[in-house]
Amino acid sequence: MLTILFDGVAYGMLLFVLGIGLCVTLGLMNFINLAHGAFAMAGGYLTIVLMNRYGISYYWGLPAAFVFSAALGAILERTLYVHLYNKSHLDQTLFSIGLVFMSMAIVDYFMGANQQTINLPPALDGRINVLGASVGIFRIFTIVICGLLTIALQFIIAKTRFGSRLRAAVDDGRVARGLGINVTTIFALTFAFGSGLAGLGGALSIGIISIDPTFPLKYMIYFLIVISVGGTTTITGPFYASLLLGVADVAGKYYVPEIGGFIIYTIMVAVLILRPQGLFTKGATR
Amino acid sequence: MSGSHDKDLQSASARLLKQSHSRWYEWLFWAVALSLFVIFGDFIPGVPTRLMLLTEIVTLALLALSIDLVLGFAGIVTLGQGAYFGLGAYVAALLAKGGAGTFPMSDPVIGLLIAGLVTGVFGFVTSFLVLRGSDLTRLMVTLGVALILSELANQMRWLTGGADGLNGVMPSAVLGIWEFDLWGRVAYLYSLAVLFICFWLSRRIVNSPFGLSLKAIKNNPLRARAIGVPVNARLVAIYTIAAALAGIAGALLAQTTQSASPDMIAFHRSADGLLILVFGGAGYLYGGLIGAAAFRVMQDVIGNITLQYWQFWLGAVLVALVIFVRNGIIGMMVAGWARLRKGDGQ
Amino acid sequence: MTFVLETRNLTKRFGGIIATDDVSFKLPAGARHALIGPNGAGKTTFVNQLTGVLNPTSGQILFEGQDITNWTVRRRATAGIARTFQINQLFAELTPLESVILAINERENAAHEWFSPLGSRETIVDEACALLDRLTIGDVRDARVGDLPYGKQRLLEIALALAAKPKLLLLDEPAAGVPESEREQILDVVARLPAHVALVLIEHDMHLVFRFAKTISVLVNGALFCEGTAEEIARDPRVRQVYLGEEEVQHG
Amino acid sequence: MANLLELRDISAGYGEAVVLNHVSLALPEGQSLALLGRNGTGKTTLINTIVGLTRRREGSIFLSGQDITRLRPDQRALAGIGWVPQERNIFRSLTVDENITAIATKGPWTMERIYKLFPRLAERRSNMGNQLSGGEQQMLAVGRALALNPRVLLLDEPTEGLAPIIVDELLQALRTIVREEGLAAIIVEQSPRKILPLCDQAIILDRGQVAYQGTSEDLTNAPDILATLLGVAERGAAPAH
Amino acid sequence: QEVVKVGLILPMTGQQASTGRQLEAGAKAFLAQRGNMVAGKRVEIVVKDDQGVADISKRLAQELVVNDKVAFLGGFGLTPIAMAVGPVATQAKVPAIIMTAATSAVVPQSPFFVRAGRTMPQMTFPIADWAAKNGIKSAVTLVSDYAPGIDAEKFFKQRFEEAGGKVLDSLRAPLASPEFSPFLQKAKDLKPDALFLFVPSGQGATLMKQVIDRDFAGSKIRVIATGDVTDDDLLNDMGDSVLGMITSHDYSADHNSPENKAFVEIFRKVNNNMRPNMMAVAAFDGMELIFRSLEATKGDTNGQKLVDAMRGLKWMSPRGPMEIDAQTREAIPPMYIRKVERKNGELYNVEFQDAGSIKDPTHTHTK
């Protein structure tokens, strides 16, 4: 029972890890960035290459993944994404799908089509007993990292001036510019940061799942579910949504396996019908 | 102004009416579509047969057309049109299989109609889910419906054949006269005719008062309500119609490929449909048609050059298209045409 | 006397804020009424509840004697309540002509026709053109609404409301952003509406208010502060203190 | 006296269309200018061109003698251009407080001072931008521009939607601020009657061109110009008392 | 000099891409080893990418037949893809070699289908037998929730229970989900002697990661599977924790025979040092079938004659002795029980027991 709850939480964290960068690029910047998975994949593959080819430890792989994806994000933002901020959501969808296709082919070219995995460092491998339930150490590790990231991010967004300037820029970039906000820089920084988080998410997720060039498409649905159920205005929203989805999915599959495949989608649809803005948004009506 | 008042009114009405008249380039478009039959139908020695590809394009075009109705005109972002496409495919396939290739149950035309009806009903039922929410919400709700349906198709093995798909799908000859052939000749003409009829209907719809109210809803639902537009009813209506069209598209594909499998209902159908539409240009009706042709042909051509990495080039084209062009291929053509005319004027 | 509109103890809360505070209000047919009050007094919120954009926290709304509190926006609109919006709510991608035709179509129950092309009903097009001319925006009827200057958009805003031929017309600052010269024109158009149509004007331009209104209600902090004829309100020192200030008031 | 703001021969437009034609003006410290004109004559376009958001085709803009023509909008804002957009454009997902703090710079205009000018806003300080009444939004738009501590204020119809009692107060306050703190202001208004007594200069635009330029006093005394260019003959500026 | 074309319809992009790559590589290896001349004709391969989508493969098959005039079709990563091609093969009378799709129901679909791979029961029976004979009394099955998975579940249960074992529960994980933990936990809670796994070859790595994470070894539950889970392609990356895992399959890159040594060597040489897996060998044997049938007909490309020539063919494949059932046109491959071991620094499925050749038990049809 407790193990199931814990597994659910851990699965929720996996979902959250996959989507965390998207909370920033889609959630905060309101950019339909379906290429999120490509940045996550970049972080994942970088970690794999560092570990498997150069024998660098996983602990260094994580920050490296962040930096690498952030740099990649910054470059792409400056060259490509800037042209898209003022376009429709639909154009953004098409554009980012285009990037996904390109990223899949590039990774395929350099890394091959087959699945790749890593072996976790011994300290993160294995299971320990918590309150009588046996839990994977790595899963605890992700829960802790995600929790900390969520708190930090939420603080930055809600409480700092940078956060309010960012939201102002998203609300109305034109007017924000006219009132002295350097929208370009703010967006570039935020995008790079979001991409970095995506990369970090990718690096964390390969502790649980394997990775292959179809990664950005395969998991796209999952990270979109997290964001839409959690709402796009906060970081805590998707965090709670991941927990809810994770626990419901795992418990559902454990206790009523016949409907296992439907649970997550059904929850999503139900939530979105009852609360179209997401489960955890403040009642922003208009 | 009041002097020429009467004449003025005359022209206002006439001008509106003129918008719904067909233009020469539309006739050209359909003439080209028809002539492709002769060119690629294995009538000319040395020219490869591509009617199967063309048929596939036609079904995709119909799918994209149905998305255009909800997205381009009513402003509902959907990533779930694949659900109706797939449902239509299964219905048509089951009918063809059930009738074991005999008239009337296996007749493709009857199959199409029933598939359209069933998906229309299903579209009506599910349309209530997309009435509220933002772009992202609708995207996810429609996607959710499609995912649930595709999981159902996988689970209801007794009916759908599960992941193996249905086999032994043998539609009878079209109207009992034209047998589907190995070259895909009948398949192409048949699908093209269906596309044409569906297109013509859609065209009437968007140029009608009903179509106008859809555009208004897309622009500003709050205001539309305030002047008495029954927003929900209109959205339900167009969503239902579009679902039926998507179902017919799916049925076409099932009949012309004589199969139905879970990937007809899978996520990538919806995604392809949306991509194709945006690629071609949403809100023009022809966008989906031209987009489907351009997209598939490009995929085919690049795929022949680089078998494994065509996705890279396809992605690059998408990226470039969005950055440099507004409103897809048609948007590009419209802008080019405007520039050309202006050049003439000077 | 018959009342077109009546509210009973209407109250609307936003969290701790009481935006409409126990308002009981009656409006006879053919009224020429103005609703004034300081910024944030709850005028727009009041209108939003009348038209169904917002649901009241408590209280009732009656239209022609029927309880419409739970009606949808659209049902109220078809019943004959029309409004203009304080902040433009237009169809940016349509033309003014199309926008007005749309509104007339809805009124005439012709908007669900899906097979006949737009413009095939000439009477409707004629009526739309005439209405646009009356509001002096006939010359831009084929432009894209989103590209129109603000003032013309304001006029279109009114045209859309008029097209419905309402029984009750709620005008929320219709003249905001319209130059003085054209403000009078707007009022003329509105004044020429049939005598049985009840009009409620929300406006901060006191010239217009006093030219137009026979009766006035003053809202302050969500509650009805006072009601009376235009003369009474103009003379009321309390109103002067909370709202009018030194504004010079000529009564037309 | 040095001009705080100077426009030389500005032309601007949208896309291919040229909306403003060769507009020049100069505004010294402590003065305000009333910008008048019928609908669609280009008032907003002129303001937005100074802010840097419209495509300028020709001409140059100087702020305290420094050429700011090539600066980005945000750089211009920080150089001292404060702007109240016509449609207010309050940041909807920010609270009233945040709307101000997000763009505030150091200077005499602190949050306290803004709230003192608009006590109504102080009562709503934790409301979201989209939960304000029309007038409250207008107040916030003005307060927000002041929070930038600008040297030049560009106010595009700042009194629209404000209660009469506030309009008087606000215009008076603006006049005092501009005079005493050595700012300059361009105020777009629909009603010459309200604005002319409070401004030093006036410009009337007609189809993107300057149709009248002079002191506001002269314009007040030229009812024929007001009538032909603005169509406002019948309602003079006769004092009430 | 006449050319005989072979049209290979493979998933070269998308989820199944690694399967497509192995198949193509296997065919290339065959041509490199054998040369491309047979019966005086030159064999040419045309590869098409079906993206793993059934209706596209059908269209590609049709175009290959009509435009390229291919004499053989081959490939087919998934069952529905093979099914979709069936009518084309039948109508055009072109032999189609099933290399991957493993459902028994495929071959009867068309008289021109011949299998070069293997079927689900052929893979599952040996491991069920082995389990029953090695002290495993109870088992839980966990498969992907789609047709082949359900086949695996069915055949394992059938065979295992016939041999006296008991399947405690049959768990099915949704195909797309990356999370197996509720199922694994349930399996663990049921405390069986063994957990039997089947997932499509692409998903093995993720599943094994989570299996290891759940520490079945510590709770004395043996983990057994068909060879798909410890696919040669992925095995090396899975790490030491899969050491000792028992699976059944017809091919391991480690198979000890001169034929396999030669195959692995040429395969690595022409394919950038890739390690061949079961797909590769199926493509290799598929080409063998094509060449042998052409030899038998002396270059005649009449489809019926070619299919007839394939019936009952026997040869020595890298997997061991291969045969095509003369009645059913099904492959009869040799089967082995293998154990994951480290050899020369790499992980391999090392065969330790020959399970013999098994005819597909589901076929009763003749023709």
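Each chain gets a letter, A, B, C, D and E, in the order it is written, and its residues are counted from 1.
Basically, a residue touches a chain if its C-beta (ideal position, glycine included) is under 8 Å from a C-beta of that chain, and two chains touch if they have at least 3 such contacts.
Because the structure is a prediction, the values reported are computed rather than measured.
K.L.:
Work out which chains are contact partners of both chain D and chain E.
P.N.:
The shared contacts of chain D and chain E, listed by label, come to A.
K.L.:
Computing the C-alpha centre of each chain, which chain sits at the greatest distance from chain A?
P.N.:
Taking each chain's C-alpha mean as its centre, the farthest from chain A is C.
K.L.:
Work out the mean Cα position per chain and let me know which chain is farthest from chain B.
P.N.:
It is D.
K.L.:
Using Cα averages as centroids, what's the distance between chain A and chain E in whole Å?
P.N.:
Centres of chain A and chain E (C-alpha means) sit 36 Å apart.
K.L.:
On a C-alpha centroid basis, what's the spacing between chain B and chain C, in Å?
P.N.:
The separation of the two C-alpha centroids amounts to 42 Å.
K.L.:
In angstrom, rounded to a whole number, how far apart do the mean CA points of chain B and chain D lie?
P.N.:
About 50 Å separates the centre of chain B from that of chain D.
K.L.:
For chain C, give me the residues that contact two or more of the other chains.
P.N.:
Expected reply: no residues.
K.L.:
In chain E, what residues contact two or more other chains?
P.N.:
13, 17, 21, 145, 174-175
K.L.:
With touch defined as at the top, which chains are paired up in contact here?
P.N.:
Every pair of chains in contact is listed here: A-B, A-D, A-E, B-C, B-E, C-D.
K.L.:
Can you tell me which positions in chain D touch chain A when the two form their complex?
P.N.:
Residues of chain D touching chain A: 48, 51-53, 72-74, 77-78, 83, 85, 89, 91-94, 98-99, 101-103, 105, 128-130, 144-145, 148.
K.L.:
List the residues on chain E that touch chain A in their complex, please.
P.N.:
Chain E residues touching chain A: 13-15, 17-18, 20-21, 145, 171-179, 181-183, 185-186, 202-206, 209-210, 213-215, 233-234, 237-241.
K.L.:
Using the touch definition from the top, list the residues of chain C that touch chain D in their complex.
P.N.:
The contact residues of chain C facing chain D are 14, 17, 37-45, 86-87, 148-152, 173, 176-182, 184, 204, 206-207, 242-249.
K.L.:
Within their complex, state which residues of chain A touch chain B.
P.N.:
26, 32, 80, 83-84, 87, 89-95, 97-106, 108-109, 221, 224-225, 227-228, 232, 261-262, 265-266, 268-269, 272-273, 276-278
K.L.:
Which part of chain A faces chain E closely enough to touch in the complex?
P.N.:
Against chain E, chain A makes touches at 3-4, 7, 10-11, 14, 52, 104-105, 108, 112-119, 125-127, 134, 136, 138-139, 208-210, 212-214, 218-219, 221-222, 249-254, 257, 260-261.
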